[in-house]
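Following are the structures in question.
Shared between the two complexes below is subunit A, which pairs with subunit B and subunit C, respectively.
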Partner chain A sequence: MLLILDVLTTAGILFVVSIGLLAVFGVLKIINFAHGAWLTIGAYCAVIAAELGLNPWAALPLAFVIGAALGGLAELFIIRPLYRRPLDAILATWGLGIVIGQLITLGFGRDVQMTPNLFSGTVEILGVDYSAYRLVALGAALVIGVVFAAAMEGTRLGLSARAVIMNETLARGLGIDTVRVRLVTFMAGAGLAALAGVLLTPLTSVDPNMGVGWLIGAFMLVMVADASLVALAVACLVFGAAQVLISTFVSPILGSIAIAVLAALVLRVSPKGFSRA
Partner chain B sequence: MLAFTKEYIGKIGGKVVGEEYLPMDGSDWTAIISKLKDSKADALITSTAGGAPNVTLTKQLRGAGVSLPYANLAVDEGTAKSMGADAEGIYLSASYVTGIDSPENKTFLAAMEKKFGSGLKTPNDLSVPQYEAVYLYKAAVEKAGGTETAKVLEALPQVSVTGPRGVIKMDKQHHAALTMYLGQVQGDGSVKVVGTFKDVDPGEQCPKLK
Partner chain C sequence: MAEAARELEAAAGAALALDGVTSGYGAVSIVRDVSLKVAPGEIVALLGKNGMGKTTLLKTIMGLIPSRGGSVAIDGQAVAGMSPARLVALGVGYAPQEQPLFQDLSIRDNLRLALPSDRLLPGALDVVAGHFPFLKDRLAQKAGTLSGGEQKMLILARALMLRPRLLLIDEISEGLQPSVIDRIAAALAAVRGESGASMLIVEQNLDFALRVADRWAVLKLGEIDDEGPADPGARERVLSHLSV
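And now, the complex of A and B:
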């Protein structure tokens, strides 16, 4: 039972961390390597919210708004000129991530920051005493996933975004303002990353480099998911399960590289990953 | 350090029921914490790469409701403070903690407070020895009558300095016997001394030196 909960909550956390990257990759066709930095920005929004004396949960909307606003600036001034040069965009976003990390260091110092607990304690569930927060994080993953899917399926912008994902040239030919779609998508992706950063604060230390460790896993999951939300959820579940099972029964050291190795294997066998269905 | 701990636990009649490792920068303790809870262990000893990894591990431990007696071999006082309530009850061992009840330490802390005010970083087992070492070196240079390396080396074991940790003298193969403290983190982030091990012999270090 403990194992099942570990798998589900691990998958939920991976999903929360990856979804912002997926949104950007789907529409812009670039990998935002500053994703880790946006996770960090989000976590520091929780620090700021605490300093302002706000309710810890208020950090979630605050992080989304600040993350999206900074994402908009990054899109306008750094990403937009590089749309035709995806490889350079990787370098630029990686560099941007470093710059943001350093700016945070300058502003807040190298130290680990204290953030208030969003949710503490444990709950008794099906005979095991389990971390309440991990269950909250799983719930948050489900909510974010459903809202994201609804936005993609049910709104005008979602429709435009799907059109851009399928065939950008044709979408532009039909009069869809693809530049605006790209901007809004990047802002949404950055906002979601910052939101994920807040959700990570009860699970990890808040320091200027905290996002880096999550970036590779998120990158691998998005590569395997290939811009499909359902495929991302499946990938999180399968790889999250592999990570937990290998950590539990073989070795936590092998478990910690499980996602990267398995993703490489899946992509080798099937370049489109889990998204073919 | 962990090998010694294991041997010691066996010697005093305890049993190590589990031992787990993550890579240095690993941040997902999920499976390990579940194993810990399954193992029904009575106590927990950890040794991470200092600083931030301690915070990550402790957050996840407390989140999972682990409240076993917990000793951390790699946490410093400042980091413990940054963990807030999560750190309460953690045992740590060090040759310096701010809770040392001695006039030298109180003078030192008051002077630090005066110089750095609210910008003061918590002095710890890493920074205080450096502070004392500079004064010890000064004393050796004065005794040697100059900075010539060979002469300073010769003078080093003959001088002593009184710092926040008391009298420090490198008279054992150029190593100093230090008093070690067992501290426990309190609810307000301070560290209370709960055990004192006077002048622990550094053992054989550099047998060719006197």
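And now, the complex of A and C:
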């Protein structure tokens, strides 16, 4: 029972961490290697919110807004000028991630920061005592996934974003303002990353480089999902399960590299990953 | 300045005026020094064999490929460098040939994407239903599940959604049976009759092209080889350019 809950909550956390990266990859066709830095920005929003004496939950909207605003600036001044040079754009996001990590170090120091618990204690579920917060994180993943899917399926902007994902040349030819779609998507992706950063704070230590490890996992998951939200959910479940099982029964060290290794194997066999399954 | 003024003067009165347009991909110029005019309400057929630059020329007019030289004017307004979104706002409708539909989206969503706002949808659907009634009855059907002919009608319908003043149509008759070609020819004639729209149609189907067009031009290796009116002698004259 414990194992099933671990798998589900791990998958939920991986989903929350990856969904912003997926949105940016789908629409802009670049991997945002600064994604980890935005997770870190979000976590430090929780630190700032605590210093300001705000309710810990207020850090969620705060992080989304700040993350999206900074994402907008990054798209405008760094990504957009490199629109026709996607490889350079990817390198630029890598550099941007390093710069943000250093700026956070300058502002807050290298030390691990303490943040208040969003939700503490355990609850009894199906006969076992389980971390209440991990269940909350799973709920948050479901809410974010459903809201994201509804926005993509039910709004005009979501339709335009899907059109750009499917065939950007055709979308442009029909008069869709693809520049605006890219900007809004990058802002949403950055905002979601920062939101995920806040949700990670009770589970991981908050320091200037906390995003790097999560970035690698998210990157591999998005590669396997290939811009499909459903495929991302499946990938999070499968690889999350592998991570939990290997950590529990073999070694936590191997568990931590399970996602990267398994994703590489899947992509070797099926370059399109899970998106066609 | 004087040259720009002269070009605009030459373009005045034309729905579409190309003057010395050159464009292409990478180091290669596919379209070279093309000058062509479409008068208001006129249908001009752009003919030529595969790989002669017809599609590239349409994409250049539409702002999907940057032009390397020359000028493009629509209703006397220089438009080179404008985004496709601005051209659509100026009244240009485009029916592409390559990957022309979102196969996984419904008819309704394919049509919606041609509009800047969903508020315009009911009126625009009435416009297209007037030409192709089946579209309005099957709005939820995925575009990829339509027959070849139905897909072509959807592509044309989508280009008509905003009642464009200038239509750029790329090989709409390709692979179609005669009855569908008749419907499309009738729709083009009706559109021109109702709104006075001008059209530049790229075609391989000579009979269809000469039936709907007022004038023709043959593109050969990226340059205009010959042009003339769609009169009884046109067919032979065009064929003489296509056969070599």
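Miscellaneous remarks
One rule holds in what follows: the second predicted complex is superposed on the first by the 276 of 277 C-alpha atoms of A that agree within 3 Å, B and C clash if a C-alpha of one lies under 4 Å from a C-alpha of the other, contacts with A are read in each partner's own complex, and residues count from 1 in each chain.
As a working rule, contacts are C-beta pairs under 8 Å (C-beta built on N, C-alpha and C of every residue); 3 or more make two chains touch, one makes a residue touch a chain.
Note that the coordinates shown come from a computational prediction; the quantities given were computed from them, not determined experimentally.
Because the two structures share subunit A, they can be overlaid on it, and in that overlay subunit B and subunit C fit beside each other without clashing. Within the superposed three-chain model, A:162 lies in touch with subunit C and out of touch with subunit B [touch as defined at top].
Looking at the superposed arrangement, the partner reaching more residues of subunit A, out of subunit B and subunit C, is B. Within the superposed three-chain model, A:174 lies in touch with subunit C and out of touch with subunit B [touch as defined at top]. In the superposed pair of complexes, A:10 makes contact with subunit B only, with no contact to subunit C.
Of note, the Cα-centre angle with subunit A at its vertex and subunit B and subunit C at its ends comes out at 160 degrees, rounded to the nearest 10.
Contacts of A:120 after superposition on the shared chain: subunit B is touched, whereas subunit C is not. Of the two partner chains, neither subunit B nor subunit C is touched by A:269. After superposing the two complexes on chain A, the closest approach between C-alpha atoms of subunit B and subunit C comes to 39 Å.
Comparing which residues of subunit A touch subunit B with which touch subunit C, the overlap is empty. Partner subunit A is touched in their complex by these residues of subunit B: 20-23, 25-28, 30-32, 34-35, 37-38, 51-56, 59-60, 62-65, 78-79, 82-84.
Taken in their complex, subunit C has these residues touching subunit A: 62, 64, 83-85, 87-89, 94, 96, 99-102, 104-105, 109, 112-114, 116-118, 158.
Those residues of subunit A that touch subunit B in the shared complex are 2-3, 6, 9-10, 111-114, 120-122, 129-134, 202-207, 209-210, 213-214, 243-244, 247-248, 251-253, 255-256. Every residue of subunit A that touches subunit C in the complex is listed here, in rising order: 156, 159-160, 162-163, 166-167, 169-177, 179.
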